[in-house]
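Multiple structures are listed underneath, in structure tokens.
Each of the two complexes below includes chain A, the first together with chain B, the second together with chain C.
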Partner chain A sequence: MKITQRTFDAVIVGAGGAGLRAALQLSESGLKTAVITKVFPTRSHTVAAQGGVAASLGNSEEDHWHWHMYDTVKGSDWLGDQDAIEFMCRKANEVVIELEHYGMPFDRTDAGKIYQRPFGGHMSNFGEKPVRRSCAAADRTGHAMLHALYQRNVRANTQFFVEWMALDLIRDADGEVLGVTALEMETGEIVAFQSKATIFATGGAGRIYYSSTNAFINTGDGLGMAARAGIPLEDMEFWQFHPTGVAGAGVLITEGVRGEGGILRNSAGERFMERYAPNAKDLASRDVVSRAMVTEINEGRGCGPNKDYVLLDITHLDPKVIMQRLPGIHEISIQFAGTDPIKEPIPVVPTCHYQMGGIPTNYSGQVVAPRGSSMSVAVPGFYAAGECACASVHGANRLGTNSLLDLLVFGKSAGETAVEDVRKSVKAHKPLPQEAIDRTLARINRLDTQKDGADVHQARLAMQRTMQNHCGVFRFADKLKEGVSKILDVQKDVERAEIRDKSQVFNTARIEALELENLIEVAVSTMISAEARKESRGAHVRDDAPDTPEHPNGRDDVNWLKHSLWFKEGNRLDYKSVKLTPLTVDTIELKKRAY
Partner chain B sequence: MNERVARLHRLRWHCRRALLELDLVFLRYWQRVGDDLDAGDEAALALLLEMEDHDLWELVSGRRETADPQLSGLVEQLRQV
Partner chain C sequence: MTHRTMQFKIYRYDPDKDAKPYLQDIAVELDSTDRKLLDAMVKLKAKDDSLSFRRSCREGVCGSDALNINGKNGLACLTDLKDLPGTVVLRPLPGLPIIRDLIVDMTQFFKQYHSIKPYLINNDPPPETERLQTPEERDELNGLYECILCACCSTACPSFWWNPDKYVGPAGLLQAYRFIADTRDQATSERLDNLEDPYRLFRCHSIMNCVDACPKNLNPMRAIGKIKDAMVRRAV
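Moving on, here comes the complex of A and B:
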């Protein structure tokens, strides 16, 4: 069947920080640029980012990109590629100052410079002492950034397709990417977007977990599309968890609550952190607290009817302190936990927050995949940036404020590379292969005609519970093994999911079913990659890979200092080496990650 | 499809927000009201959904009040869901 075709120089999928930054590069270069987005650009999840953006501007005290690079490599537990990390840290000042020129209302020093504050893991002089490196706009940094970038894109005539959902990558027989198919929500029409450059900036997929801080739009659409088109997904076993999300909701309870004296308790009312971290207790690092919470729950000391959460107790604090120093916690607790934290403790669980892995790219933003004897060959016409991509700068664990930096640097870099590639191409657009379009139409047709299939809501819940119980913040060999078999069963249900509403206008049931088809690819890749990695590193912590003198923190550099690559076809895994050689400086040598 | 149903479908999609807090509140809201929105609620919801997410959350969580009588009833409903 023929469908409408629209032609652009470049098509970007996703209008969060990375997508808007990439789009700007293309539009300001005079290229005809389209951005496809499920929601209005300033409703993207980048809005939720509060912490700031890291850059070694040195406005408050001496700082250097090399120190920032050291912190990022160490934070990544040496799984980050050191060429990409050097590139990002060196570019940080440039992209932040550019943003300032676009009108971003950064907080200021008395002298009028961008004010900088300290943030966990950012240190001066190669790990010596904390440094003020984070640039913020009050507690609305992501929001302010999106607005500045959106306005600039409007000025540059970027064409926005708002409330459109990209469905599949269009790739020809040579492997070249020629655009995407997309669904217009208002009409239900499917359209082919033809482009010389296709950039994915679709964000994370935190909704694969039952407890997640991610908004509902974070469904890994780019990862699903890439996987279906034969592109591998890199390092999917690495997910950052926050220890205190409200049980059953996922909404974050800030670390400040424990900083003000909040205590974690098990079903016996015991302050269990005293056993796990006798000195720091409830203020131990995120991973230590999360693991302790999971151990309490797994050993039957969880709270509630299902014994599946612990309690964060602030009832001993002065109510005035709660209301003044912890604004918002009172409201969040009442709204999402149904408890008044002044009178009763808050039920909490470790909650999925950020995806370190993604679509493999190099630091120029080109998507790379194995071809012939090389593990990283650029896929022509295809680029990715932001949380959906894996450059890889975060490796096994991301530092706070490096996510906003990632999307600015690699959004710009992907845009720049795409501009060069489009200008170099002398040929007209290649014709779109009908088979690729037919695959999308067959997917939609299957959904519309499925009888006696699985319920979308039930299948999504089964996926989320399987991921939470079998591949959470603390991992166990037997649970992972069982998890692989369970998630593959859920995948079979997703493949025959059924929707009752067949209408065309804003059919949210159809959109949710299509999103689930993307989420399940992410869930399967995560479970399979995690089961296979038999070490602990960064955010991937296994019970059977403990801290020993031979393997500090359970890390096994001899066998596992390598990136995982999961391929949808046959659920195959392959591995590629970590780039330990930076662009200009010496390698930051392996050592135990300790703070 | 009838126009009203189409309008409600569109409003449901516009309840997909940048902040999880709002997604959860609107999920509960729709579970409670189903398609039983009167014209006043529908207009108020459309207006509310034009707000920026952080401002909207301050309103819904009770940290801010609205002086707009068209919105106050709906805001109160959202606080109770």
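Moving on, here comes the complex of A and C:
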């Protein structure tokens, strides 16, 4: 069947921070650019980021990008690629200042400069003591950033396709990416977007877990599309559980609360982080804090009637500071925990928050995949940035505030690289292979005609429970093995999911079913990659890889200092080496990680 | 609140199959963990997957799930179930064309937002570092920049219902003032010119529905008053 085709120089999928930052690069360069987004841009999940964006501006005390780089490598448990990490940390000041020039309403110091607060894992002088590096707009940094970026795009006249869902990547026989197919929600029409550069900025997929800080729209659409098109997914076993999700509700409470002086307490009122991280205490990195919290709960020192959460205490802070620096947290706490944090501590539990892995890229934003004897060859015409991409700057554990930095730096660099590549190419657009379009149409047709299939809601729930129970903060060899077979069973249900709503007009049941097809790719890749990695590193901690003198923290650098690559076809795994050589400075040498 | 049953009357209209809109009667069993109206709506959708509404962050920052709840505009994710009566009537935001069920066409709303040039205008060459702003100057933006563009205010405003094509509406005007109030912005005079018109600004008759409707406790009417003050100041 023939479908409508639209032609652009570049197509960006996703209008969160990374997509909007890339869009600016393309629009301002004068290329004909389309941004496809499931939701109006300011509804993207970047809006929910709270605590800040990292940059070693040194507005309140001495700081240096090299210290930031050290912290990021250490935070990543040495799985991050040191070239990409150096690139990101060196670019941080530039992209944050740009954002200020775009109009972002950062809080200010008395000298009128951008306000900075301490954040977990960010230290001065190569790990010595916490440093003020997180540039913040109260506790609404993501909201302020997303709106500023959207506003700048309004100025740049960027062309948006709002409430369109990208469905499949279009690749030709040579592996070149030629665009995407997409569905207009309002009409149900499917259109092929032809482009010389396709940039994925589709965000995370935290909705694979039952308890998540993520928005409903975080369904890993870019990862699903990439996987179906034969692109591997990198380091999918590494998921960040944020220490402070509101118990029961999952809503995020920023680490900035601890940056402003908040303290985690167990049922005895003890500041237990002093035992787990004597130096950084409550500002240790997220994987460390989450594990400490779960250990406290498992050992019977949890709070509440079921002893299943701990408390985040800011009652000792000046109420004026709370209302000035943490007004959003005050509101969230009252709304979702039913407690006024000025008077009572907030019940919190570790909650799935961020996907460290993703579509493999280099620091220029090009998607890379194995080809011939090389493990990282750029896929022509394909770029990715932000949470959907794996550069890899976060490795096995991301530091707070590095996600907003990641999307600015790599949104910009992916945009810049795409502009260069499009300008270099003198050839006309290649024709779109009909098979790629037929694959999309077959998926839609399958959904429209499925009889006696599985219920979307039930299949999604089964996936989320399986991930939560088999692949959480602490992982167990037998549970992982069982998890693999369970998640593959769920996948069979997803393949025959049925919707009752057959309308062409804004059919959200169809959208949810299509999203589930993306989520399940992410869930399967996560479980299989996690089952296979027989060590503990960063956010991936297994019972059969304990802390020993030979393997501190259970990390096994001899066998596992490498990135996982999962391929959808045959659920095959492969591995590629970690880039330990930075761009200009010396390698940050491997050592035991302690805070 | 364990296993309470809640009755809903929900505005339904699918142009693909319905000749005209109707109110659907539907009930849902709530669990003790269901706190917000959106929790109940997600359960309703699991029962009837054709029920269509927008939602995303479920924590009141993305602005997707604005609707009319028992006659009042609000966000489903910030509306406590315990505060709702036994029967809840859900309708789309008033005054905008309806695409389907609770999903409205927000084109006109965003057109008005875009009309106020919602971006910082400063034509000086950008400095190497940030443009300085004192904490007090920055405080002027509080109560303005937090807007989530949910449209609860504008679609509660009778002036916007009458003239959605000509009157900017409270959401757009709140943002107009956000840039006027920003010491880094140089286009105050141009911004005031853009609003000095019988309709764009002056259709505000201080009805105050906007203040009542805002789920973020912002005050568009105060911002509108400040724009009017600025116009008076420059006239004398």
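Rule of thumb we're sticking to: the second predicted complex is superposed on the first by the 489 of 595 C-alpha atoms of A that agree within 3 Å, B and C clash if a C-alpha of one lies under 4 Å from a C-alpha of the other, contacts with A are read in each partner's own complex, and residues count from 1 in each chain.
What we mean here is this: a contact is a pair of C-beta atoms (placed from the backbone, for glycine too) under 8 Å apart; a residue touches a chain by one contact, two chains touch by 3 or more.
Because the structure is a prediction, the values reported are computed rather than measured.
Colleague: A:103 in the overlay: touching chain B, chain C, both, or neither? Say first, second, both or neither.
Modeller: Touch partner of A:103: chain C, not chain B.
Colleague: Should A:278 be classified as contacting the first partner (chain B), the second (chain C), both, or neither?
Modeller: neither
Colleague: In the superposed model, which partner reaches more residues of chain A, chain B or chain C?
Modeller: Per-residue touch count on chain A favours C.
Colleague: Would you sort A:335 into first (chain B), second (chain C), both or neither based on which partner it touches?
Modeller: both
Colleague: After lining up the shared chain so the two structures overlap, which partner does A:42 touch, if you call chain B first and chain C second: first, second, both or neither?
Modeller: It touches chain B and chain C both.
Colleague: Taking the superposition on A as described, I'd like to know which of chain B and chain C A:113 touches: first, second, both or neither.
Modeller: second
Colleague: Could you say whether A:300 touches chain B, chain C, both of them, or neither, answering first, second, both or neither?
Modeller: neither
Colleague: Using the superposition on chain A as set up above, list the residues of chain A that contact both chain B and chain C.
Modeller: Residues 39, 42-45, 47-48, 140, 143, 186, 215-217, 249, 251, 328, 331-332, 335-336, 503-508, which sit in both footprints.
Colleague: Tell me, which parts of chain A touch chain C in their complex?
Modeller: Checking each residue of chain A against chain C gives 39-40, 42-45, 47-48, 97, 100-103, 105-114, 137, 140, 143-144, 147-148, 151-152, 154-155, 186, 215-217, 248-249, 251-252, 328, 331-332, 335-336, 456-457, 499-501, 503-509, 512.
Colleague: Using the touch definition up top, name the residues of chain B that touch chain A in the complex.
Modeller: Where chain B meets chain A, its residues are 1, 5-6, 9-10, 12-13, 16-21, 23-25, 27, 52-54, 61-63, 79.
Colleague: For chain C, which residues are in contact with chain A within the complex?
Modeller: Residues of chain C touching chain A: 14-17, 33, 35, 45-46, 48-50, 52-64, 78, 99-101, 103, 106, 110, 114, 117-120, 122, 126, 128-135, 137-138, 141, 145-146, 148-149, 179, 182, 184-185.
Colleague: Can you tell me which positions in chain A touch chain B when the two form their complex?
Modeller: 38-39, 42-48, 140, 143, 163, 185-186, 212-217, 249-251, 327-328, 331-332, 335-336, 503-508, 511
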